[in-house]
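In what follows, subunit A forms one complex with subunit B and a second complex with subunit C.
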Partner chain A sequence: MGNIVVSPHDKEGQHHMMATPTSNNPNGGSAATAKNKSEITVLLLGAGESGKSTLFKQVQFFHGVGITHDQERIELIEIVRLNVLENAKNLVAATQHLNIPIEQPENRETAKLIINSLNTNDLEDPSWSKRLYSLWKDAGIQKAYENREKFQLYDSTEYLFENLDRICSDKYVPTVVDVIRTRTKTIGITDMKFDVGDGKQLRLVDVGGQRNERRKWIHFFNTVDAVVFLTSLSEFDLNLYEDNGYWRVKESLRVFNEVVNNALFYKVPFVLLFNKRDLFEKKIATKSFSKYFSGFNEAEEKNPVACIEYMTKLFLNEITEHPLDTVSVKTLSAIDHDNSKQVFEEVKQFIMTQQHRE
Partner chain B sequence: MLNDEHSTVSTPRGSSSKQSSSDRIETLLSEYKFRIEAIFDYSPARDTFRKYLKKVCLNEEPFMFYEMVENYQKTRLDKNRLELAADIINQFIVVNSKHELNMSMAIRNEILKQHAQILEKNQNLPNLELLTCPSDLFANAQDVIFTELKQDNFPRFVRSKEFKKFIMKEFKKNETIFEMLGDKKDDDVVSIDPHSMYLKEHNETTADCPLIDTTSFYVTPKDYELVKEIISTLSDPMKWNVVSEKSGSKTLVSTKAFYFNEKEGAYPLTCSTGMYTGQHKQFFHVIFSPAFEKNMKRIFKTRFQLEHLKIDASKGIEFPNTVFWGELNAPIIMKKRELVVARTIIPDQYDPETGQFNRYVMLQKPTNHPECPKKDSTIRCSLYTAIIAEKKTADTMRYYIFDTVDFKGSVPKFVINKASKLFAAGINKMLRSMIKHKIDETQLLSCNGTLEIMKEHENYLREKLTKEMEHNQADSNEEPKGELSTSSLKQSVEDSSTHESQIPPNEESNIPENNFEQ
Partner chain C sequence: MSIDSRKTESDESVLCSGWNERILQRLIWWNQKMESLWFSIGIYGLVLLIHIVVWFLVGIVEDNFYASNRFFMKTGSIFSVSGCYITNLPSIILTSLMFFYSAIDVLIVLISLRSDRDTFSIKVETILLAILRSLLTIVYFVCSQVFETQVLTHIIPYSYSVMIGGFVEIIVSVLIPVIRAILDDSVEGENLFESEIELVLNNDEMCKLLLEFSRRSYCPEGVLFYKDVQSFKRQVQSYYNYKEENELLKTNIVTRHRERITNSAKKIVGNYLSEGALNELNVPSLPTKRNDILAKLYASEKSSIDHCPPKNLFDQVICETLLTLTEVFTRLKQKSKKIQNFLKETYVAQSTISQI
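== the complex of A and B ==
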């Protein structure tokens, strides 16, 4: 890891080392026991906001178990609106912390209401669509948004504000894309099963990614047949939600190291997904990538392929125990349906072939 | 108004069977929106939720925290509260604590900071009775944790088998359990206007698609290809959202938007589809029935035919078309709205054994006509409809009705709502309710030249196909495929070859029964 320069505002954070498994087959017997099993358990792992749940939702959708009916999606209206409110609150709070004034008096009025009294029921009113949109377009809020690496903000902020007229309508029913784009912090564990042919079922397990959540991962380590590890390409300028002074890339690398080298996963097929490629490409166009990685050639920092190659090397360098021929690396844009479908299909194929080799 | 007619339609499966109690619960479950607040207020429900969180989600901490904070807030004596506060902080808030909560650093630090201030304030007090500890110390964190439960775990809980089991048990004791824990969903919300709902979204995900062949003023084979392509995507949940589903029929709305021409806006497409006991041709005859005509008068104030185009390959007219003008019924306050459409009926999947076509497709698209130029005083709308009826077995058929309409200009929402209900879903209901009645074939109406076009097209194809068939039998050995160049015949051949892997076109009984099967 010598070639990584720690982010300027990084300080040593508390490490949540995952408990050492108290398994009686430390040589990675899980894959062996998986032989002839009718259920293949695949774990989605990764730090917070790496896109595990987004991919999980996509897989649900293309296996027809997602929330495809209006009846069910009606239940999510409040959640989408909560997302809007949280985003608005975070932006307003950021203008205060960053000392950026909100320019228009009527937008300042709106900001006050958002912080103090607004709730999701109020949003069912087209006039709020106008007010919130006007706030979003305020020069002050936009300036804060441009500096969003300095505070915590969801990736879907822009999407939600651009769709306010729909979301604030009294006839609003969340669409599939709304469901995909809504940020919900996963707490605990959730899973789904679907047939993959050959009389086999794939059980996909989604987990929370923040530090405290990782203690729960261990419950599944004994029964895992494959691991899909996600990391966000676009987090190179961001710090953690649960620890504002800790660089996300460093955290991702650390978690990856702990997982990939875990004795229980020895010989288990392992997929590393570099997610949020779409956001990443947009980001490096305006932000310096090399500023965060001293080992990276500055002249290449606008070239996404070179950047991703560099990131790949960083992650693969972490692997000390796991056999490299059972590791697969791919990039992904989980919010993109077609891309998710294609990548997940490849992941599935990789896992199935690896299983076969056993 | 259409609902009354619809409710009398019997379902294809037969509506007699009694609902089992499990089915009834299932239905009720889908009709109610449950509230986490109500679950929290009813202790048996709360316990079920708690057990679910612990066992299934491995996420009991928020619940334990929530209850401890409740307890904290109820505690009267400041000194006791102070002790409890320290306990809560050590168990839930401190990093690496036993039940550490998933919370942002900002919230955690805010609590720790406040707590430190409280401790400082309480130092060096002359009297323990002067101790203070504010009861709202954890209020913000509790709110956030509750909201997160509501967003992440709760929706999963109400769909879980654990919740269903609980509800079934409760329901036996108390039939009002549903009212207690939730609200009945508003039916109206479900049949939402699909247009405004999806209007913006397509920009985010997928590019708009052409819906019609813009190179021609008439309905062409390319138009037919487009609709077939659309049908092939119907089973993809990312491309279609189910708006309603009942008694064997379904209404869906496309997530993609389609345009008539690239300059104007794109709109989602509505589709009604279903199976029906009956003849597919009879289904089509409904369109020409006096009863249907009566219903169409609710939509159109006036209609008249402008032109009948016969098949003429030399002019590029491969399907017979009728072009007609219509004025829509609209509230007086609105500007007049009119439209010009080109319409055809395509008989397809000819079965030489019965001499029948196993599929009929009616397609209409917006067009222009020199006799009805656009006027400033009226607004020209665009209407697209495709009705497909195909034979499944001897006495069952499947139909698809697609449509989208662009009213142009500003239209009050209630009008759009009414209209979108009237179209695909409305036509679906009308057809389904009318098909029961025996249709007297001698009473069929022209329907602005549509009936004539259907007959013309049928005769044309039958003649063509018979000729080809005879021709094929004459020199059946080396028949190059390319010679079957009549567009419509080629149509059926292509269908059969793509779906049934290379069947020689001269083998009689191999025209596939159903190409649209998904």
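== the complex of A and C ==
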């Protein structure tokens, strides 16, 4: 892939972001409003934690920008460590909430420090690697982890705890995988552009997925050329981050319904990506899928293909206005570099073909 | 069309919240009454009065009807000012009473065993005090049987053992917490080394950069919220400064000042913490946090001691907002030389201060 333009702005502190919204023109400046035929704007939409930013980071990586450079990843050390601390705090809080005691006394001491005083700078000390790993392996914490659908926990928890010996070191530089596995809640909107041949540029727009972020999506609705909607397959047993009492699948279906049936998108190619296939396959091996979907045949619940087919039908049933021949459905494992590259290439081809047809 | 135009499941929670709010308000009212100074003084006064009345009645009954066959005192009257010996009965009553109090303590601790946490180790303290009280009661009872009429008890009365229990209790449950609170207050405000993002937010020029960057990324709400809360905190601080200087005046100015602060807090709640607000924050369980803050605001409005909302009203939400700003701040840091230089200079300055 050729030339990458992360953002046209050069002014201090204004790179890599969208045109300014003003009170008169909420859609921002020239880049956002003037529909440029040589530019294809693709929106990554979906509810919170569906994997939009993970795919966005993967695209950055295989185009050799952003997190590919050591310097950019060094800036993310604090975020990786913050993920470790947040995961640890959430697990410790869950042991209290679920009434599962932490078994070893030294781990209880570590848990107290985590809740009261530990900060990201402390994790430069390698002794924390051992202490946190020992806490992670504590039977109480592991039991809470097995019940992780009952509280909010990042998907990357296991990965981060298994890599503590690297993370808790003063020489630590996050690897690309570390950055991709790190959860960072996107707020607002970011974008990147890259050449796709034929003198055209593809502008990929990443957005925040939580409820309050969705009102910001509208700024891009009238300039959009394609929508990639992500939903997480593995969220079937989880509740929302912003409203811990609301089923994530229900929220995803609701958002999908509102987006796909939006009049502005009638003529726009639409891709539905079922993400986190890897986690989903692991999850259905131990958890009941049919428990959450009354219409699903229980005998098939350990068969990922049947489960995904069922989910696909569930989502496609929501489409009432959008022409079905411009909708494509795919599965994805966004943390897998090769899979992301292949799926994104297919998505790009689908969008380009639809553009040509138009 | 609008993604947000549809109401979600929270329609029901709005209906429920009115009812919950009424119960909450009632509980807060009771809590305030029980926490108030007059309630405490009233309870102490009442208990003292009951004891005096009991002592007086017992004395009158014994002196008038059982003067030759006393059941509380051995020789003289209970009203005697020159000293007297008690019989076994008061010792037994006092011992039973002390065990009864200890049993209540233990029972309360048992009931509260399942509660979430014991941040101030109150449960442990209560159990230890109950054990100490029981031991001292045993000492008292044994002494009352052994040293009954010995001269030594004129110098060191054995009933001191019961008083020691009360004295230790006052030290543990009143004096130590007061000293702790004073120490904690003195530590607050000495946080010289803030996080990077706070350094930037507290510097006007850098904050403008961050605000502009986040505005262009469609997420200025976190920065605006931080600034509004800082201004709210300054208002509260100036209220206390003014109140200290004009303690006895109780002028309308103090009342107006207080109302302004409450209104500022309500405005912040409306702008950032309400569902569907223009600058709604992206933090988990926002409705719960909003209700907590509104309950605190209501409590401060109805409080008989101090009507001003607490300075730390929004601290928890600020903490979570700073976390959500991490991503946008990291992007700005990567792109802006000005921010990088500012942070570098601040670190040099801070390390110089810490060396000194």
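Note that the second predicted complex is superposed on the first by the 322 of 358 C-alpha atoms of A that agree within 3 Å, B and C clash if a C-alpha of one lies under 4 Å from a C-alpha of the other, contacts with A are read in each partner's own complex, and residues count from 1 in each chain.
Just so we're on the same page, contacts are C-beta pairs under 8 Å (C-beta built on N, C-alpha and C of every residue); 3 or more make two chains touch, one makes a residue touch a chain.
Computed from a prediction, not measured in an experiment: that's the story for all the values here.
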Next on the checklist: I'd like to know which partner A:N244 touches here: subunit B for first, subunit C for second, both or neither.
Outcome noted: both
Checklist entry - Where does A:Q96 make contact in the superposed view: on subunit B (first), on subunit C (second), on both, or on neither? => result second
Next on the checklist: Just to be sure I read the superposition right, which of the two partners does A:T186 touch: subunit B = first, subunit C = second, or both, or neither?
Outcome noted: both
Item to check | First (subunit B), second (subunit C), both or neither touched by A:E75 | outcome: both
Checklist entry - Should A:R166 be classified as contacting the first partner (subunit B), the second (subunit C), both, or neither? => result first
Item to check | First (subunit B), second (subunit C), both or neither touched by A:Q152 | outcome: both
Next on the checklist: If we overlay the two complexes on their shared chain A, which of subunit B and subunit C does A:R214 touch? Say first, second, both or neither.
Outcome noted: second
Item to check | subunit C-contacting residues of subunit A that also contact subunit B | outcome: 14, 16, 72, 75-76, 78-79, 82, 152, 184-190, 208, 210-213, 216, 219, 241-244
Next on the checklist: Using the touch definition from the top, list the residues of subunit A that touch subunit B in their complex.
Outcome noted: 14, 16, 61-62, 64, 66, 68-72, 74-76, 78-79, 82, 152, 159, 162-163, 165-166, 169, 171-173, 175-178, 184-190, 208, 210-213, 216, 219, 240-244, 336-337
Checklist entry - Can you list the subunit B residues touching subunit A in their complex? => result 30-31, 33, 53, 56-59, 61-62, 95-96, 100-106, 108, 147-153, 155-156, 158-159, 185, 189-190, 192-193, 196-201, 204-205, 237-238, 241-245, 255, 413
Checklist entry - For the complex, which residues does subunit C have touching subunit A? => result 1-4, 6, 8-10, 116-117, 209, 212-219, 222, 280-287, 323-328, 330-339
Checklist entry - What part of subunit A is in contact with subunit C in the complex they form? => result 12-21, 72, 75-76, 78-79, 82, 86, 96, 152, 184-190, 208, 210-219, 221, 241-244, 246, 254-255, 258-259, 262-264
